[in-house]
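Across the two complexes that follow, chain A remains constant while its partner is chain B and subsequently chain C.
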Partner chain A sequence: MKTYRFRKGPVSFTLRKREIELALLLVVGLLVSIYFGLAIGDTFLSPASLAALFIGAGDAFEQLVVFEFRMPRVLMAITAGASLAVSGHLLQLTIKNELASPEIFGIVGGAGVATATFFTVFSDERTNQLSVPLAYIPIASFLGAIVVGMFLFYLLKRGVPPVRLALVGIGISIFSQGIVQFMMLASNVYRKNDIQQWLTGTVYAATWNQLKIMVPFVLLFLLAAFLIERHVRPLHISEATATSIGVPVRGIQRGTLLLSCLLAGIGVAFVGAIGFVGLMAPHIARQGLKLPYIWATLLVGATIVVLADVLARTIFYPYELRTGVMTAVIGAPYFFYLLRRMMKGSMR
Partner chain B sequence: MNTFDLNHVTIGYEQKTVLDQLSFSIPHGKITVLLGANGCGKSTLLSTLARQRDALGGEIAFRNKPLDSYRAKEAARLMAFMPQVNVAPDGLTVEQLVRFGRYPYQTFFKRYSEDDERAVERALAFTDTVSLRDTLVSNLSGGQKQRVWIALALAQESETILLDEPTTYLDMSHQIEILDLMYRLNRLEGKTIIMVLHDLHLACRYADHVIALAGGNVYREGSPNDVVDETFMKDVFGLKVVVTEDPLYGTPLCVPYSHYELNEKRPT
Partner chain C sequence: MKKPWIKLLFLIICLPILSYISLRVGVIAVSHEDVMTFQADGSSQAMIALADNRIPRTVVALLVGSVLGLAGLIFQLVTRNPLASPDILAVNAGASLAIVLVTLFGFSSIASFTTASLIGAFVAGVIVYLLSANGGNVMYMTLAGASLAALFSSFTQSIIAYEEGALDEVLFWLTGSVAGRSLTLVETLLPWMAAAVILVLLLSKELETLSLGDQVARSLGQNVGIIKFVAVTLAVVLSAFGVALAGPIAFVGLLAPHLAKYLFGTAFFARLAGSALIGSVLLLAADILGRIILFPREVTVGVVLAVIGGAFFIYLVSVRQGVFKS
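And now, the complex of A and B:
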């Protein structure tokens, strides 16, 4: 296998040819899907006319559509996709289980409960309007995710093994579905719709203002993820081996769990629970492309959500599906495929 | 100098004490084997020494310093541990796995230095796994896998290596292969080897020092010739044996009695 070595002063690393090639391929893939995301819609733009918009040419309407509507939504898809994917990646490595994801751990469920509660509590029954600005919803969703995260963190600290934590998470997510259902029953038809919209998730309404808040957080969390990455990877072999080679296992597990919750929380805060990304993306990167790295997972996750959004708005044109519907349509069969693989593996 | 000194150490799980008030030492630069019946706590003891779990009480000194005073990476440069069951994640090649052994020497910027590369090459060469470097670990045979996991431990370049039943599930030729490897590591590289072994015969042949556990404490320790005799076998394993001499190496060889006469005619 061809390997490039880089050694200069205190810095040293190796790159494998195959990995560089795949990285380029993934970046090109993401760029192509970004192009689709910017070009496809009510008005179709050729690469040339899109490029023209970027240098200031083209008409004002096209400028508006691309820079005010399509661009934020594509960027939102990238940001949310990357956060959810990396969150799932970290969880899967830590508990050594392919089926781990922010949904399974109940993190998304917690965000859902908080959001549904928010909609129900702050609904004005006379006007059928929300009694507080809609812009506060991301805060509620994020806090919901963090509360579940804190609970899981507490259990981990008390000595509950990470694998059992996943079972607790499944419990939490079922419980939270129940609560959300109850909230929906208790609220009027408008709020019911709002909650339903959040639960499916979409990048449809993304704005630059949302991105301005979200992106710095995501970058910060991703930076932390890159810093913790080389300590998490040995956990994928086993806790015993990780301990043997000198990984401070307890601390790393806690840090990883916290980081996954933050990433999942911010990932769903603005767009709702876009499902299956945290499950699929790390798996495609790791098993499909043999790239068990954060950068690969991040690129795959971003591309999936951008493409899901493109499909969601073109398949039944002029009607739009929600982004989360598309990821579920691809993700649910994928989940069963994984489940089957795992069952086969455990029977061998 | 001793590699480990235990002083009134209690070992076990939250509810259950497995070994109580252990006081003994494990000599430096020797092959030491922990012996005992199933469930006597020898694996628990080994994993405690390997920092996999905390002792419930007492003092464990590693190279004359309290074991818990070492930082994780610092300890990993001095001791490596090979668990009994090792399963590599899917899609990992031999070389990728062995490289993990360099973790305690790496930093965020210094990810794979010349030293790292040299250590990995040496580990692969010593375990005769150079030709397998690009093979997926999951595709290897039992004996090959075991050698690769040993290579991972060797890449740590630690002076002490602890192994939990490294010969389990292997046929006899591969058992000899692994134990010969341990012997070479000890005699040629001067490494301290501490392992749990099930095969008493081979344990007696390869060990310089054995520590036998029974009844929640050390039953007897010393060279295999001093430790293993008929009363020992009765007390530790509850087995009646004739102890004779290994015709090749002169170490103790136990031939056990069965509970039946075994001279009845076999059904035909």
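And now, the complex of A and C:
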């Protein structure tokens, strides 16, 4: 395998040719899907006219459509996709199980309960309007995810092995499904619809303001994920190996758990429970492309959600599907492929 | 209480008591006399409430609880997974998705509901069977089942999101409820359900052998493959009937076999019959509870069980570590 080595003072790294090529491929893939995300819609833009818009030319209407409507949406898809994917990546490494995902761990369920409760409690009975600004919803969702995260963290600290946390997570998701359903039955038809919207997840209503709040957090969490990555990977081999090369196993497990909860929480806070990205993306990066790295997962996750949004907008044009519907449609065949591999017993 | 028969008898006695409570509790007051002097064509408010609501829902709760309890026990036996049950293994979710799909295409008869439920449950059941037939890892099976359930239900949610008006009824049904089911529906399904339950009870000996493990069962001369196949088929059919009647109800299938095991230990037939009885008791009790907690509002039984059962499940896998070795 062809490699490039770089060594100067304390800095050294190795680059493999295959990995550089794949990285370029992933970046190009993401850029192409971003192009589709910006260009497709009621007014279709050729690459040339899109480029013209970026240097300030082009007509005002197209400027408005691209920069006020499509751009935030695409960026939101990238941010949400990346954070969910990395969250799933960290969880899968921590419990050494490729079926782990923020959904399985109940993190998304916790966010759902908080959101549904918020919608139901703060709904004005007379006017059928929300009695508090809609902008508070992400805070509720995020807190819901964090509460579940704290509970899992507590169990981990009490000595419950990480693998078992996934089972606890399944319990939490079913538990939260019950509460969400109760909230939906208890609330009026408008709120029911709002909750349903959140549960499927869509980047439809993304705005620049949301991005301004979301992006710094995501960048911060991602940075932490990159820093923790080299400690997590030996953990994937075995706890004994990790201990023997000096990784503080317990601390790293707790750190990754916390980090993946934060990432999943912020990932669903603004767009709702877009599913299966956290399951698929790390897997495609690791098994499909043989790139078991966070950056690869991140690119794959972002691309999946951007593409899902593009498909959701075009398939039944002029009707729009929700992004979460498309990720489920993409996720289904992939999931069955995973199951088939399980049956062959190649995944024990 | 050493003898299993006494415990079984106790459970059997629980049923009429709970049924009586179930007949009386609710928004419309039904007195003791009303229950005793019930006439199907009575015109008083209490009589109508009994005929249209209380009696059907009590019967449905009894039936659905017992089939789910049995199905759960079989799933746990065959897959050797103490967390297996129709809900965890996506059988309920598969049946729900199929029912929502046929409703979307405009079918709403009992027959189409039941057929769809059967097909959906079978698809999920086949996947589960394949996963377990290969001696699959318990952890993977559980995670795969849960992910599959998540996949099915995200499709179900998507469909509902687009057809809310038409599917409002289905949304209610999806939360799992024993209310609002007519007795005609029960009458249609009863013979089939009874047949499946009797078959399971007849297979008691074979299932007991199977519970000793594949190798022991084989060395005792059992054709493990066929018995497993028949057992899973029966369990899938039972859960499909349960879903068709009451919607996807969580945790009865998980909880009942565990309680039965706790009560009856190794007395296998008692464990089998006990699972069914405990299932009925649980579902009926949860339904009564749902009518009381937020009186005069009703909480559907599916919600009550998801909350109670969710808490129990979390307890089972986090505190009682011995129950499940991964």
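The definition used in the following text is that the second predicted complex is superposed on the first by the 344 of 348 C-alpha atoms of A that agree within 3 Å, B and C clash if a C-alpha of one lies under 4 Å from a C-alpha of the other, contacts with A are read in each partner's own complex, and residues count from 1 in each chain.
Going forward, a residue touches a chain if its C-beta (ideal position, glycine included) is under 8 Å from a C-beta of that chain, and two chains touch if they have at least 3 such contacts.
On a predicted model such as this, the values are computed, not experimentally measured, just so you know.
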item	value
Partner chain in contact with A:I228 - chain B first, chain C second, else both or neither	neither
Partner chain(s) touched by A:F175 [first = chain B, second = chain C, both, neither]	second
Partner chain(s) touched by A:S12 [first = chain B, second = chain C, both, neither]	first
Superposed model, chain A: greater residue contact from chain B or chain C	C
Touched partner set for A:V163, first chain B, second chain C, both or neither	second
Which of chain B and chain C A:V66 touches, first, second, both or neither	neither
Touched partner set for A:I294, first chain B, second chain C, both or neither	neither
Contacts of A:I34 with chain B and chain C, given as first, second, both or neither	neither
Chain C-touching residues of chain A, taken from the complex the two chains share	97, 99-101, 103-104, 155, 160-161, 163-164, 166-168, 170-179, 181-182, 184-186, 192-193, 196-197, 199-200, 275-276, 279, 321-322, 324-325, 328, 331-332, 335, 338-339, 342-343, 345, 347-348
Contact set on chain A toward chain B in their complex	1, 5, 7, 10-14, 96, 227, 230, 233-234, 236-238, 240-241, 243-248, 286-287, 290, 292
Touching residues on chain C, where the partner in the complex is chain A	83, 87-88, 127, 130-131, 134, 136-137, 139-140, 142-144, 146-148, 150-151, 153-155, 157-158, 160-161, 164, 171-172, 174-175, 250-251, 297, 299-300, 302-307, 309-311, 313-314, 316-318, 321, 324, 326
Residue numbers on chain B that touch chain A, as the complex places them	47, 50-52, 72-77, 79-83, 86-92, 97, 100-101, 103-104, 106, 108-114, 116-117, 134, 152-153, 156
